[in-house]
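Shared chain: chain A. Partners: chain B in the first complex, chain C in the second.
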Partner chain A sequence: MADRPVPVVEKRLMDVKLGELGSWLGGRDFTPNGILQAIRRGHDRYYNKYINVKKGGIGGVAMLLVGYVAISYLWEYDHISEILTI
Partner chain B sequence: MTLSLFDQFMSPTLLGVPLIGLALALPWVLFFQPGARWMNNRLVTLQAVFMNWFVKQIFQPMSLGGHKWAALLMSLMLFLITLNMLGLLPYTFTPTTQLSLNMAFAVPLWLATVIIGMRNQPTHALGHLLPEGTPTALIPVLIVIETISLFIRPLALGVRLTANLTAGHLLIQLIATAAFVLFPMMPSVAILTSILLFLLTLLEIAVAMIQAYVFVLLLSLYLQENV
Partner chain C sequence: MLSVGQLKTHHSFSVEFVISRCFAGFSRETSLRLCRRARRGRNKKQGARRSNNSASQPSVMLSRLIVVSVNSLKGCGPIGAGLVHASRSLHTSPQSLAPLPPLPEKGGKVRHGIFPEELFQLLYPKTGVTGPYMLGTGLILYMLSKEIYVINHETFAAASIGTAIIYGVKKFGPTVANLADKINEEKVAKAQEVKDVAISSLTQAIDDEKKEQWRVEGRSMLFDAKRNNVAMLLETNYRERLHMVTNEVKRRLDYQIALQNLHHRLEQEHMINWVEKNVISSITPQQEKESIAKCITDLKVLAKATQARAAA
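And then the complex of A and B:
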């Protein structure tokens, strides 16, 4: 399925071959502007897939909240693990 | 054991990144922008219904000059409600338990209402310091008292929010620890404690919403006096 050769940096992550991973990472835009654009792209993808649909249910928001709880648990693991050892 | 109860209010950091940053940025993600359609999906519509209802509640008694504050007060209300409710999820951090944050909300907004009053209608604003119908002998004392009460307002706003949320979280942690410890020894008492915990959590959900509402309502009242 090789139509036209695409520059490595512009491929999506799943299309990058393992050998090309280094050059892919090196060419990505890590400036603050680039990071903001990446965050906005990710947000738009999630929003349009789970929330901006005709019959959106509680699932879209619930996934976000569960992810938030999971991240908080990871963040506070050091603290919490000390409670049971005292 | 007493020290560890307050540990939940220390701003936790991971690799130098404070969790409070994530907690403060999260409300942005949870509110949906209306699309470019005439009729949006049910989630956006539900959100719009609540927002319209809140705005009408708060801005109905206010004169037109105060309506400029609608966007600010509404976003403040949504922010506070979201922060409070998110804090009730397990393992999360509630930024509104930090006095610094609540004072940062209260002091500038209160000061803005006072300055607006003093600039636009100084006589009327100063007239609030003396309630109508006071006996003449009491006037000096009352002016002092009213000035003190004016300056205590931002302190009261900030501390009210902080204290309510902190107390709620502490209670939840205490009672949960009690239920957890009692469970191997006296299961029946532990079940009673668990029922108490459940009711307390319901109360906390209510308190979270009410406190945010009270904060914004009081600010709108101060604005009404001065605008």
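And then the complex of A and C:
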């Protein structure tokens, strides 16, 4: 449906073709404000999809907790893997 | 109020919040993070939603709006399909969308509590139904064999906690869900009740007002009746006074008549008395004797006549 030429930076990630990935990354807003906006967007997307509904389930919170566990494992990997090299 | 046409375009913008959801304040974000666990997806903060107004940067974001809405429904694949759920409205214009559209009934689907359904949909065309499970198994085995995931005392703790959590959720999940639903229902019912009471009182006020307006129409009849009353009073009063006047005049005239009659009578009687007195005083004693003797002779004659008539 590309009847209107759209600047590549403003496409969604899934619409960007592989060749355009570099320019897409280059054009994104990496200022602190832009990063904050991106975080805000992600948060709102997740929130509205999984939490801000009439009958939410455990998935909304459970995914966040699992993500937290995973990230904390990642950050602590160096310390945890000390047991492998004695 | 936005018209229906505007509403439609608004919903076509709805996916765009992905790109330009940048207007809520930070405090809301932190407070949400703090109380997300307590809410567990049941409660909805419709009030907080309203604070998402785009006082800032409308023009920049509107251009992105247009751009992305054009692309939004195109083959984004499973991501796009997933995003169709989250069609919340954006407050990209200064006017707020009231009444708010209702919240979606169910959240995005997750399988086994932690894997979003989109993953399964993503892999289905290529690997069928068991694809993601094989992927999961492979990943787990890889991480175990390469010791990316190290088995230590924490593993046992994690396993115990995981078992406890899963058991708890499976056993008490529906109960808690029903409880939360009930609480939500009560809140909604209360708000609805307030709204209904307000609406009913307002309709009542409207009816009363209409009745008053209808009453106003009868105002002219009321005044006619009053006018009739007043006219009747005036008439009555006039007639009363007329009556009084007539009576008074008649009385005075009667008095005059009576007075004249009295005069007349008095004069008559006086004259009669005077004539009598004069006549009596003019009868001399000798004339009296003569008249008496004549009367006697007359009487004798009369007696004889009657005697003779009676004998005959």
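Keep in mind that, in the parts below, the second predicted complex is superposed on the first by the 83 of 86 C-alpha atoms of A that agree within 3 Å, B and C clash if a C-alpha of one lies under 4 Å from a C-alpha of the other, contacts with A are read in each partner's own complex, and residues count from 1 in each chain.
In this section, contacts are C-beta pairs under 8 Å (C-beta built on N, C-alpha and C of every residue); 3 or more make two chains touch, one makes a residue touch a chain.
Source: prediction; values computed, not measured.
**Student:** Once chain A of both complexes is superposed, is A:Arg12 in touch with chain B (first), chain C (second), both, or neither?
**Tutor:** Touch status of A:Arg12: second partner only.
**Student:** Look at A:Ile71 in the shared chain and tell me whether it touches chain B only, chain C only, both, or neither; answer first, second, both or neither.
**Tutor:** Touch status of A:Ile71: first partner only.
**Student:** Would you sort A:Tyr47 into first (chain B), second (chain C), both or neither based on which partner it touches?
**Tutor:** Touch status of A:Tyr47: both partners.
**Student:** In this superposed model, does chain C or chain B come into contact with more residues of chain A?
**Tutor:** More residues of chain A are touched by C.
**Student:** For A:His79, decide between first (touching chain B), second (touching chain C), both and neither.
**Tutor:** first
**Student:** Based on the superposed arrangement, let me know which partner A:Gly56 touches: chain B (first), chain C (second), both, or neither?
**Tutor:** both
**Student:** State which residues of chain A lie in both footprints, the one left by chain B and the one left by chain C.
**Tutor:** In chain A, positions 43, 47, 51-56, 60-61, 64, 73, 80, 83 sit in both the chain B and chain C interfaces.
**Student:** Given the complex with chain B, which residues does chain A contribute to the contact?
**Tutor:** Against chain B, the touching part of chain A is residues 43, 47, 51-56, 60-61, 64-65, 68-69, 71-76, 79-80, 83, 86.
**Student:** Spell out the residues on chain B that touch chain A in their complex, using ranges where they run on.
**Tutor:** Against chain A, chain B makes touches at 1, 4, 7, 12, 14, 19, 22, 26, 29-30, 32, 35, 41-44, 86, 89-93.
**Student:** Enumerate the contact residues on chain C facing chain A in the complex.
**Tutor:** 17-22, 24, 29, 32, 36-37, 39-42, 44-45, 49, 64, 67-68, 70-71, 74, 76-77, 79-80, 82-83, 85-86, 88, 102-110, 113-114, 116, 147-150, 152, 154, 169, 173, 177, 181, 184
**Student:** Which chain A residues qualify as touching chain C in the complex?
**Tutor:** Touch residues, chain A against chain C: 1, 4, 6-7, 10-12, 14-15, 37, 40-41, 43-45, 47-64, 66, 73, 77, 80-81, 83-84.
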